[in-house]
Structure formats: C-alpha cells, structure tokens
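A, B and C are the chain letters, set down in written order, and residue numbers restart from 1 in every chain.
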Amino acid sequence: MTSPTTVQNSQVQNTQRKYSPLKEFWKSFKKQKAALVASIFIGLLIVIAIIGPYIAPYDPFEPNYNALLEGPSASHLAGTDEYGRDIFSRLIVGAKISLMVSFSAVFLGLILGTILGLISGYFGGWVDKIIMRSCDVLFSFPDLLLAIAIVALLGPGINNVIIAVMIFSVPSFARLVRGATLNAKENVYVEAAQSMGASHVRVLWKHIFPETISELIIFVTMRIGTAILAASGLSFLGLGASPEMPEWGVMLSSGRDYLGTSSHVVIMPGIAIFLTVLAFNLIGDGLRDVLDPKIKNN
Amino acid sequence: MWKYIARRTVEMIPILIVISILTFLFIHFIPGDPARLVAGKDATLEDVENVRHELGLDKPILKQYMDYMKNLVTGELGTSLTTGLPVIDMFKTRFMPSLHLTFLSMFWATLMGLVIGVFSAINKNKWPDYFGMVTAVSGISIPGFWLGLLLIQLFSVQLGLFPTGGLDGFSSYILPSLTLGAGIMSMIARFTRSSMLETLQADFIRTGRAKGLKEHSVIVTHALRNSLISVVTVAGLQFGFLLGGSVVVETVFSFPGMGRLLIDSIAFRDYPVIQSALLLFAFEFILVNLIVDVLYTVLNPKIQLNS
Amino acid sequence: MPEHVLRVSDLETSFTRDNKEIKILRGVNFSIRKGEIVGLVGESGSGKSLTSLSIMQLFHGTTGKIVNGTIHFNGHDLTKMSESEIRKIRGKQMAMIFQEPMTSLNPVLKIGKQLMEAIEMHLKLPKNESKHHAIQMLKSVGIGRAEEIIYEYPHQLSGGMRQRVMIAMAMACHPNLLIADEPTTALDVTIQAQILELMKKLKEENETAILLITHDLGVVAEMCDRVVVMYAGQVVEEADVFELFASPKHPYTKGLIASVPKIGDNKEVLDSINGQVPSPQNMPNGCKFAPRCNQAMSICHQESPPTVKISATRQCSCWLYVKKDVEVNA
C-alpha cells in the first residue's frame, strides 16, 4: 500500500539532487532560439568593440578625398562617407562607443537605483516617502525629455549623455527593486535572519537582493537597448558625441544630407543601431520567458 | 466620479509645484554664470549686468521664484533671447501641430497595436503570431530618426507621395505620425497579446463558448473588451514616450512643433524658451496620466469611484 | 425521440504535451434519460470535469481532443459534428454551469447583456423581447429585482446571486440537458441548499436532464436519480442512487462512502482511501485502483477488469464480481 508514495518520494529526491540553477537556466534558455542568436551577436559585438581598432580595415578618422560617398563594394564593405572615410571601419570603432555609453549609463543607474530601492523598500517610513516622491518627480518628465533637459543644462558631450541616460534609469530601477524588496521582506526567512540579529546591510545583501536579481537581469538587458537608442538619438540631435566621432547616431545625422544620393551613409549606421537594440530586446524577451516565475507557471 | 477627478487633481498640485521649482532652478543649475552665458563671450561687464537685471537674476532667489510663479499663472513666460518674441506667442503656433501629431500617432498606434496583438493572441505560436511579434520587437528596436529618414527617402523622395518635411496640410502629418507611433504600436501589440492570452484563459470565456457564441464574439465582446481596460492604461502611460520621441521626429521632418523648438532653443542657449518648454512638456505628461487614470476607472466597472 | 438524451460510449479524450499524447479519459460509458438527474462523482483528477468538457467539446485554447468513442445527444453523434453545428446546440439544447460563479461571468459586461447574448442568438428574438425574456428568466431563478439587476455588473452581486444568474443563463433556451460542474462547491452551505432546490424545481418545470458533477456525496444523495462513479478516467460503477448508498459494490465506491462523516459516529479518525489518484503519465497496469485497494488480488495488478452487469440498473468494473454469483441486496 505504501509503494506508490515511496516511489514518488524517491523520484522527487532524485530530481532535487541533480538540480542546479545555472544548468536549469541554460537548459531552458537554449530553447529560446531568437535570444540565443541575439546573445551570439552581442558576444561578437563585444569582441569587435574590444579589438575593433586592430581589425578595422581602414583608419576610421582618415579622410580620402578620392573615395567620397562611394557605395558598398569589395574594398569598402559599407561604402564611404562624405569625407571618404570607410563606414565599415567607423561602425566597428563606433560599436565601442555605443556599448560603453549604454553599459556605463545602465550600470551606474542600476547601482544607484538598486541602492535607493533597497533602502526605500527595507526601511519604509519617511525615507521611503522621500525617495519615492523624488522618483515620481523624475517620472513626470518623459525619459528622453529628461535626458534632453539634463544635456541642455550640462552642455553637449558623450559624458553628459551617460549622466543623462543614467539619471532617467534610476527611478525605474529604484521602483522595481523597492517592489521586490517589499515582497521579499514578507518572506519568513528574512524575518528569521533579522531575529537572529543579522545587520540591516547583511539582510539586504544576503537575503533581499538575491530575490530581486532575476527581475533586474531582465530589466537591465531591456534597458541597455533603450539606452543605446536614447544615446544615439541625443547624438543625432547634436547633443551627444562630437561631430567627428564615429558614433552611430552622429554618423546617421551627418549623413542625412546625402540621403537622396548616397543612401548607404544613413542606412548602414541605422542597421548597426537597429540590430544591436533588437538583439538586446530579444535577449531580454528570452530571459523573461525563462526567468519570470509568472510566465513559468502557465 | 467628479469627486475622484477633483481628488486626483489636488494630488497633482505638489508634483506640479516641485516641477515648477525645478524648471525655475534650471537657469541656476547651468554651470557658470547664466547672465554671462546668455550675454555672450564678447559682452562687456555692463551688458552682462543688464542681462542679469533683465532676467531678474539680481533679486533674492525666493523673490525670483515668487515672480516666476506669478508670471506663470498670468501666462507670462518671458521673452525669447533669440527672436525677441514673447515665449507664449511662440508656443501658440507650435503647440497645436505637436498635439495633433502626438494624438494622430497615438490613434493609429493603438488601432494597429490592438489588431496585431489580437491576431497574434488568437493564432498563438502560428505564423501570424510570429509575424506580429517580429514586427513588434522590430518596432521597439528601430531608432525613430532612422525610420523617419527611410520613410522620407522611400515615400517622399522616390515615390513623391508626401512632403519631405515642414507643415503643409494633413499630408505633412502622415509620415511623422507613422514614425512616432511605431514604437508605441509595438508596445501596445505586445501588451495586447499577453493580456489577451491571459483573458482567453478566463472562466467567463469558457462560459461564453458554452453559451454557443460565435468565436468572433467571444474574442471581441468578451476577451478584447476585458483586455482593453489594461491596454488603454498601458497606452496612456506610454504617452511620455511619444512626447520624447516627438522631439526627434520633429527634427527629422523639420516639423514646426514644440520638440523642434526645444532643440533649436538648446542650440542657441535660449534659456527662457527651454525652461518654459520643459515645463509645458511635463505639464502635458502629468495631465495625460491623469486622464488615463480617470479613463481607467470609467472603463473598469469593478473600481468604485466614490470610495 | 429516443429514450436517452445523452449516451456516451467508449469516450477517450487526450491532451498533447511535449508532442506526447496523454490519455486522460480512457473509455467512459454512461447515459442519461430524459428528465433524469445523474450524478458524476469521483476524486479530483478522476476525469469528471473533462467528461463534461468533452460532451460540450469545449477544448478551445487547449490541446485536448476526443480520440475515440461517440457522444450521442438526442440521437446525433456530437463527435461527428463540425464546430459550427455544435455551436448551435451549445447553450440552446445543452447548457452548462460552472463551479466558480465569481469568475464565470464577464466582469465588464452588464448582467442583462450576458443573458441576452445567448437568447438573441439561439431564439432569434429582437432586442426588446430578449430583454423581456432575460428578466423572466431571472425571476424564474428567484431574483426579485430582475429589472434592476440586468443593468448591474457581476461584482455587485453575491456569489449565490451570481450562480442564480448563471443558471438563468443556462436555462434561458430551455435545454434538454444541463451540465452542472460542481455548481455549489464555492457557495455557503445555506446558499447551496437554495441553489440545489432551484435546480430541482427548474428540472421539474422544463423536463431538463441534469448531469451533476460533484465530489460531495451529500449533494448526490439529495439530488440524483442515478450515480456514475469515475476513477482515473473510467467509469468504475453505475447504479441507482439508493442501491449505491445501501450497498456499494466497487471497493472505490465503498471507500468514498466510508470517508463521509456520519452524524452519530464517534470515530476519532475518518475513514479515507490511502494514496492518491495515479497521474496519467504513470498509470498502473491492470485495475487502476488496485494499488490503493485493500481487496486487491493478484489478477487486479495484471489485467483491467471487465464491466460486470450486476442487475438491470447497475454495473461495476471490478474483478471481485467476475464469474461469481452476485448476492442480491436485502
């Protein structure tokens, strides 16, 4: 009579023994074909960004007045721009700028937002009120407009773009982490840890932060895409990178006068931005399907 | 109902005040001496002092703020440093085109987003779904300035169907609104899909089918009607995305709206215009959020308005 | 007109998961006569609800499908019909009410609209007449404020009221068969009794046959003429309600009846059946109940028992009654 239950029990133990979160994650992530391809693309892009200056076929800054606005060919894979500079080489070097700007802006925003969110959610009370009301004020400016306002204040330049994009990321991260913290605080083991005399910082770091991590990973990935769009948009508007830099948005902006005659000067950098942002969004979607517990249950 | 609107409006006031303080302080946040920046590099000391007086920067800060608020309430937004025109007059010609543009974008983005989302949901994991979702994720990832330029190249330059830019009748709105709406359309499509998938699992959908209703009335009358409530909310909350995007799109299409005015003013350091434009954008955004909130409560019978 | 409103024969329904077909119903047989109330009982996971969904063919949005067997309704085989043919029957000749009155009504549509939908469609009535009909239906299920309630939303009603609305909706086109899937499980005990009374009354008035799905044997004793007991996707016993309670045959039925607390009993521990319903992925060989059965013989673990006709009104699938003279009940 006891046989069926014991069989089931031993099965449960078996699966538990084999369980490894990373392995499980990889197993389900592998099934997300689009996200997998996108990850490979981003991996390649990061490698290119690092070794870019060494593999670029031409000097990205060197004008060549014998090869102005040439269409894509075997010698110039993506054609040349209005100064005869090789667009492919400029895109390769530009990858580094786009990735650096977006990564640093999002990670700075993440760090600041996470700290504020953890503090806000964990301590509650007036600390929470002040932080959240400040976020509300920042939220009452649309993302890109907030960034434009900050750049208008600080003056144009790539560093100010990073600051601007970081600032508009902070409130979203803070809110997300605060929500997750409030949920985690309800959990029994946090109470248990507190009752055993763990310090605030230790409880925050060891118990609450890990709870929020999967949501954060998804959000960061999505946010990097947004950051690349925002940064290149600001550069396009003349508020970001300086005109001679091979930043993708700048390249697009300076190429727009030649759109009618040599459309590749606009199309090529646009494809670079589009594919990169697309890749980050696809990875984000894939991660959400794998990590989000709400979807998992369905 | 009215009570609720009144309460929400009152709740807006503190945020509006903080925003007014921020935009007021904007000119003081500028690194360096704002009067010197405005007067220009070659200005004499006397010129700088004149500018300082003109901008009211020589008065105590609290007095400056009180004056600023008094002016705001009476619609006095100062004078543009580049054109010499009252800022409010510049806004008068720029505001409505921008508003029309954002509303038109919102309109077709919502319509298309709903259609794509519903078709994706009812064809889950079949090719219409894949097609819809690829379109949607592309729409979110595509830079607006690039899409705008491509549309100009294709439809204006090559096919000659629409003007390349500027504002000359309704046809001038078509390409900019398509460009501006692409991102929102995609977000609405994705959200509609997931919301519909959730709603289609609901018990009352099964009840509808058990009643012998035709599939399209199950989808439209029962499922979509339910999803619509949250879709409207999401669409409304994305309105800020439209306002930010309008700056870029108006620049691409040389569209004479608020966004382009803002960018031009930043280029010329026309601080009174920048200041008031930012305030207007923030105000518009908050107002739309309020409207969305009210709309949500009107659409959702479950929410008791008087409580 | 045949005597049977519904006759389910060898019904097999399966779901597909990871490209594997998992059979949940494995040959279900029973029938319902005109104006009869038949109880369908069993533990959760026994396939009761899926049987009802199979009859209604409500597999939308799932991978469920009927793979074998027939469902004759008023003489026509539902499994041979197209979706649009079945749609004309659903809600008109065959209606269903569900367990959750809270979630079974659309929260954003007014009660009247939800009632009138089916009326307009099946009875082809114009709007004002269908509204009148809707109000009549609400009154017939004992809702006094019918004229007002049609303009209200579901969340403004109590659970019991909502289930009345559900019943009004189901009975709107005077169906021949009403399938009620745990109609009172989510309700308070006092409301339960009222709803059951109401169903009985409507059955008398309309000569509607009812398939009552429940795990509550008290409800069965109160309501049903006959009982069909299901276990692991099969019918294990079918009997007249008095016979069943007086002398259950199948060990599973015995266990079910023994697990109901009786007034006057002073037992410390309630009788219960050991173990759980086996999952469809790893069904035992032979009789599906054998691993939990305290009368299991060696053959029970090897071969599925045949269905034994014990009397004109009852049959049972159990090796205990094979090739043995059945003792007649007292």
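Assume a residue touches a chain if its C-beta (ideal position, glycine included) is under 8 Å from a C-beta of that chain, and two chains touch if they have at least 3 such contacts.
Since the structure is predicted, the reported quantities are computational estimates derived from the model, not experimental observations.
J.: Comparing centres built from CA atoms, which chain ends up most distant from chain A?
T.: Computed centres place C farthest from chain A.
J.: When all chain pairs are ranked by how many C-beta pairs they have in contact, which pair ranks first?
T.: That would be the chain pair A-B.
J.: What is the distance, in whole Å, between the centres of chain A and chain C, each centre taken as the mean of its C-alpha atoms?
T.: Chain centroid spacing, chain A to chain C, equals 53 Å.
J.: Need the CA-centroid distance for the pair chain A / chain B, whole Å please.
T.: Taking the mean C-alpha position of each chain, the two centres sit 23 Å apart.
J.: So in the complex, which bits of chain B are touching chain A?
T.: Spelled out, the residues of chain B in touch with chain A are 15, 18-19, 22, 26, 29-31, 137-138, 140-146, 149-150, 152-153, 157, 239-245, 247-248, 251-252, 262-263, 266-267, 274, 278, 281-282, 285-286.
J.: Where on chain B is chain C touching in the complex?
T.: Touching chain C: residues 200-215, 217, 221-222, 225-226, 229, 299-302 of chain B.
J.: Can you tell me which positions in chain A touch chain B when the two form their complex?
T.: Within the complex, chain A touches chain B at residues 136-137, 140-145, 148-149, 151-155, 225, 229, 232-233, 236-239, 249, 252-253, 256, 259-260, 263, 266-267, 269-270, 273-274, 277-278, 280-282, 285.
J.: Looking at the complex, which residues from chain C come into contact with chain B?
T.: 56, 58, 60-61, 87-92, 95-96, 98, 100, 103-109, 117-118, 121-122, 153, 155, 166, 169
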